[in-house]
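A, B, C, D, E and F label the chains in the order they appear, each numbered from 1.
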Amino acid sequence: MSNIVNEFNEYRTKMNEVILSKENLVIKRLWNLDTNTYAAGALDVKTKELLGLVASMVLRCDDCIKYHLGKAHELAVSTDEMYELFAVANIVGGTIVIPHTRRAAEYWEALQEG
Amino acid sequence: MSNIVNEFNEYRTKMNEVILSKENLVIKRLWNLDTNTYAAGALDVKTKELLGLVASMVLRCDDCIKYHLGKAHELAVSTDEMYELFAVANIVGGTIVIPHTRRAAEYWEALQEG
Amino acid sequence: MSNIVNEFNEYRTKMNEVILSKENLVIKRLWNLDTNTYAAGALDVKTKELLGLVASMVLRCDDCIKYHLGKAHELAVSTDEMYELFAVANIVGGTIVIPHTRRAAEYWEALQEG
Amino acid sequence: MSNIVNEFNEYRTKMNEVILSKENLVIKRLWNLDTNTYAAGALDVKTKELLGLVASMVLRCDDCIKYHLGKAHELAVSTDEMYELFAVANIVGGTIVIPHTRRAAEYWEALQEG
Amino acid sequence: MSNIVNEFNEYRTKMNEVILSKENLVIKRLWNLDTNTYAAGALDVKTKELLGLVASMVLRCDDCIKYHLGKAHELAVSTDEMYELFAVANIVGGTIVIPHTRRAAEYWEALQEG
Amino acid sequence: MSNIVNEFNEYRTKMNEVILSKENLVIKRLWNLDTNTYAAGALDVKTKELLGLVASMVLRCDDCIKYHLGKAHELAVSTDEMYELFAVANIVGGTIVIPHTRRAAEYWEALQEG
């Protein structure tokens, strides 16, 4: 697995542990709820992950994008599908989304090579 | 068709005509491109409209939300599917999305009754 | 109680009922969690409401602002305290917060008169 | 002068008076500074107003947009110039800027007719 | 004092000097005003710093967060208080605030160890 | 040419090639349109680049800022003009723009030395 993927996952795991160790109940419950949000329901898991990803892109949250790219990769989203999602994000959010698309594209390549 | 749906569509049509009458080529081409973005491709039309809608919700653009709600209604998105999308938008974007969810819920009811 | 306060509360109640009637579990649990967030803890209730209010102001969410202004009024926040909070929001968030400050000031006056 | 222009100016004046009557020094000084920001310097007044306008558009602040449109009208900005600015805002900020462009276009027409 | 704290403070000081050396009066006055905003008034210094911090978190400005975390540390804000503030920021701003919370948590640990 | 300028340009070029190699038509056309947006018209090239820059600053997109700073440097924008633009961005967008102004100032120095 590529370096930038490992680095992201390791930092994320380490800091999540620090945060959860403080036993703040609201944060703990929000994080549980976050997991439930993407469970299969009327919409399937893949559609929900794509929704989470495009929302993260237009809000320009690089780490959120990486997380959902990882999930989309596990769900076998194709590169053509991914770039159509990137297109929606760029059209809705404008050219300020382009730098985040560059980093998303880099991470997506790393996931393919992993 | 309910009042708030008609009002939105009429104002949108009227002002789009004013804007396009000024013959600004960049705006004209961006709007064409916007239409192409949601055409069927590797992702189907319904998925793309849902992506456009969730992006509009987290960016808290009420008129963009109304537009995509109208499209989702034409594509026979169910109310359960819609509320799962609302849930993703509220979790990713936080409680500041709630007032926009209220207006979206009102518009969605109006579309059902229309 | 002034008109704009009543209108806000009535629309909020009406649409919350519509949304909750759809039985989306994520939304329901997020809303419960939202209430818990502002309960007394290491920080007192007044401080937490002021945090929620300034966050709503810099994110420029008029309805969120109104909700927290109502809570701040119940908690007997003074007008001098409120305007110092407005000042923080305007400095951190810039002059784009001014129009929201105008509407917040109008709603605050209405709450005093209520 | 058209209705929507008068309404905006009257509400703005009324609420600015309420806010300034509270004698919050930070807000008062920020507002003075805001005025100074657009004074002629290395950049001329027209360029500065256009900068303030495009910033307001991508941040999607309708009232800020109206204010700067009024100033641009006084400075005899042409409709072609204005729509090129709208185009920059729509490209940088994406299609979520379109609804704000509709309201800006409506206000611009009202200013011409005024 | 931990590395990430020193790095932040050194870069901040260095670049502030570059910026102030250009003698732009508006920037200079805005920065003075920024300092005044957090002075004791109707609200005490600690409350104002917490307001500045939560505003910085929901606006997802990592460097602003670091600055206010440093101030909060000087003012002896407890870790429990801090995580309740983090909870407000995550609920109001949504899960896109989580990556910024991770970096805030890391910086807060560094301040404690410093 | 300074290091941070080269690094930015090289990463940008490399990732743009990756993205364009995927042949997504919407992205390709949006990028062409982006170039056209800044061509001379009713507004001259320099004004348009300044509009793109201030929009990028208030939207706090560091890479977008770097791109437009590079263009502004080619167009011989003076440091006094640049800092007046920075002032507009800081007033409209608030103190959360300051960290981006620091990085912009650093990049601007690098461009002068290049």
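Here is the rule we use: a contact is a pair of C-beta atoms (placed from the backbone, for glycine too) under 8 Å apart; a residue touches a chain by one contact, two chains touch by 3 or more.
It should be emphasised that the depicted structure is a prediction, and the values quoted were computed from it without experimental measurement.
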{"item": "Shared chain contacts [subunit E and subunit F, defined touch]", "value": "A, B, C, D"}
{"item": "Of D-F and C-D, pair with higher C-beta contact tally", "value": "D-F"}
{"item": "Type of subunit A:subunit F copy interface by residue overlap (half), same or different", "value": "different"}
{"item": "Identified repeat of the E-F interface (over half of residue pairs identical), from C-E, A-C or A-E", "value": "A-E"}
{"item": "Chain of greatest Cα-centre distance to subunit D", "value": "A"}
{"item": "Length of the line joining the C-alpha centres of subunit B and subunit D, rounded to whole Å", "value": "26"}
{"item": "Interchain centroid distance [CA atoms averaged], subunit B/subunit F, Å", "value": "30"}
{"item": "Separation of subunit C from subunit F, taking each centre as the mean of its C-alpha atoms, in whole Å", "value": "36"}
{"item": "Junction residues of subunit E, two or more chains touched", "value": "26, 30, 33-34, 37, 56, 58-59, 64, 80, 83-84, 87, 90-93, 95-96"}
{"item": "Graph class of chain-chain contacts, one of line, ring, star, complete, other", "value": "complete"}
{"item": "Contact set on subunit F toward subunit C in their complex", "value": "58, 90-97"}
{"item": "Residues on subunit F engaged by subunit D in the complex (per definition of touch)", "value": "33-34, 37-38, 41-43, 47-48, 50-52, 54-59, 64, 78, 80-81, 83-85, 87-89, 91-93"}
{"item": "Interface residues, subunit C side, partner subunit D - complex", "value": "60, 79-80, 83-84, 86-87, 90-91, 95-96, 98-99, 101-103, 105-106, 109"}
{"item": "Touching residues on subunit E, where the partner in the complex is subunit F", "value": "11-12, 15-16, 18-19, 22, 24, 26-27, 30-31, 34, 56, 59, 61-64"}
{"item": "List of subunit C residues in touch with subunit A within their complex", "value": "25-26, 29-30, 33, 36-37"}
